[in-house]
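Here subunit A shows up in two complexes: once beside subunit B, once beside subunit C.
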Partner chain A sequence: MWHNQAILTDTEFVLHGSVGELQRLAAETATFCREHSLGDEVEFDLNLVLEELFTNAVSHGECAGMEKAVQVRLQLLNDGVHVEYADRGRPFDPLTAPEPNLDASLEERRVGGLGVHLVRQIMRDLEYRRAGDWNRITMRRPC
Partner chain B sequence: MIQLTQETRSGWYVVGVRGRADGETADELESALRAALEDHSKVAADLGGLDYISSAGLRAVLQAARAAEGKNAEFAVCALSPPVKKVFDMSGMHHVLRIHGELPC
Partner chain C sequence: MADDKLKLQMLDGARPGEKIMVLEGVLNAETAFQFRDNVRQGEPATLVVDMSRVRYVDSSGLGVLIGAYASFERNCRRLLLAGLNDRVWELFRTCKINDVFTRYATVADAEQTVPL
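Up next is the complex of A and B:
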């Protein structure tokens, strides 16, 4: 007997270089997770990681105001959600960025670096390469 | 989207935060917390209705904590949901903030 089964496809989307795009980023991530029956925790983590990379590119990577500045691809495989993130910002390798000092006092604590720290905490198999004008990051969220 | 409410409970001025504290809404959150600290010496951020926070939202809370320290005011965050608490924990926020399971008031 044949069962009707939805054909699950990868999700791809493009973002312009504006923080106003964060709503669309969240909506696209939510749709992907719902279609693949992934829970709230996975959705939260994917949204967080993508926001951190995206806002870094817009705020510090010269992607502000740039059309089609960022491309995202999400794919569910056996070992979790595979994420391909790419932006046309200036070269930035999140794997080699310095760790923030999380033990520092309120006075001494730098406000930068937290976003990349969260990405490295949450994701596995992070890889970075510069390809032409693009920063390309691949990573996996186990689930 | 973020929704902010203000009320006084048992001597604490409580800013209720609902929705998302992200790169788009963090400035609004920081402004509300700073405004509360302008006029009140005991301010709590009730995060019970917060669904999502990123480092931009964390920065808003850190800046409020700094402002409180600068004027010797008390500042606390309360009622974090498990996913929000996870982000606070990963960021080492417990080193620099008073974090309560329940409202302090």
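Up next is the complex of A and C:
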């Protein structure tokens, strides 16, 4: 997708801007994990992180209804699963988004911010850049 | 985690005013509103949510659980969670809502806290 070098352990897929695509996201992630004998925890985390970013782009990033709104690439290397996620939503850097106030009252906490918090807690080596119309995020899930 | 949908079943509990909601599937952005709408139906004094067959919860799922819990608290009712798997409970810890909810191993364990 973004590199010319073909790597046999890659999985790439494209999602349209609809929460109905969550099932396909989960299925693609499950297939990747199964093919690479990765455990349930890795699958859970990868699915969660991708789903949080995808849902955020659809619900808040103006990707709703957009064809081929999101690209995902998963690659297994020695130090874990490397993830490249990209969406055509409005610019959003999850690394600089404000931390949710986890000590706030329940009513305030449910407003949002937990998804990005989970992404930052679970993944390592998070990097963000805006490239043209795309938000591009790279990250790693150790395993 | 393919075939990600949520099945809900509402059962009568063993105690007066108690209902048990059995969930199966995932509680995520696609199914969270389905859960929320079902929770709003009826007004049991106590609702035990059996999550032993919930494989996966995301922040949208956490959000509706928090919202439901807060709504029950405001109305002096009780929302209890039973059968959460370890990974889902770890999300509760990461988001610091493990101090709000009590994690009951089984529905029977949760029911024991309901007054007769």
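As a working rule, the second predicted complex is superposed on the first by the 132 of 143 C-alpha atoms of A that agree within 3 Å, B and C clash if a C-alpha of one lies under 4 Å from a C-alpha of the other, contacts with A are read in each partner's own complex, and residues count from 1 in each chain.
In this text, contacts are C-beta pairs under 8 Å (C-beta built on N, C-alpha and C of every residue); 3 or more make two chains touch, one makes a residue touch a chain.
The structure displayed is predicted, hence computed values, not measured ones.
When the two complexes are overlaid on subunit A, subunit B and subunit C occupy overlapping space and clash. Of the two partner chains placed by superposition, only subunit C is touched by A:30; subunit B is not.
Legend: residue contacts after superposition of the two complexes on their common chain; A:73 is shown touching neither subunit B nor subunit C. After overlaying the two complexes on the shared chain, residue contacts for A:121 are found with subunit B and with subunit C alike. Contacts of A:102 after superposition: both subunit B and subunit C are touched. After overlaying the two complexes on the shared chain, residue contacts for A:19 are found with subunit B and with subunit C alike.
By the document's definition of touching, neither partner reaches A:60: not subunit B, not subunit C. Applying the stated touch rule to the two superposed structures, the overlap between the subunit B and subunit C interfaces on subunit A comprises residues 19-20, 22-23, 26, 40-41, 44, 47-48, 51-52, 55, 59, 102-103, 106-107, 109, 114-115, 117-118, 121.
Subunit A meets subunit B in the complex at residues 19-20, 22-23, 26, 40-41, 44, 47-48, 51-52, 54-55, 58-59, 102-107, 109, 111, 114-115, 117-118, 121-122. Of all residues in subunit B, those touching subunit A in their complex are 20, 22-24, 52, 54-56, 58-59, 62-63, 65-66, 69, 83, 87, 90-92, 95-96.
Against subunit C, the residues of subunit A that register as touching in their complex are 19-20, 22-23, 26-27, 29-30, 40-41, 43-44, 47-48, 51-52, 55, 59, 100, 102-103, 106-107, 109-110, 112, 114-115, 117-118, 121.
Against subunit A, in their complex, subunit C makes its touches with residues 1-5, 26, 28-30, 56, 58-60, 62-63, 66-67, 69-70, 73, 87, 91, 94-97, 100.
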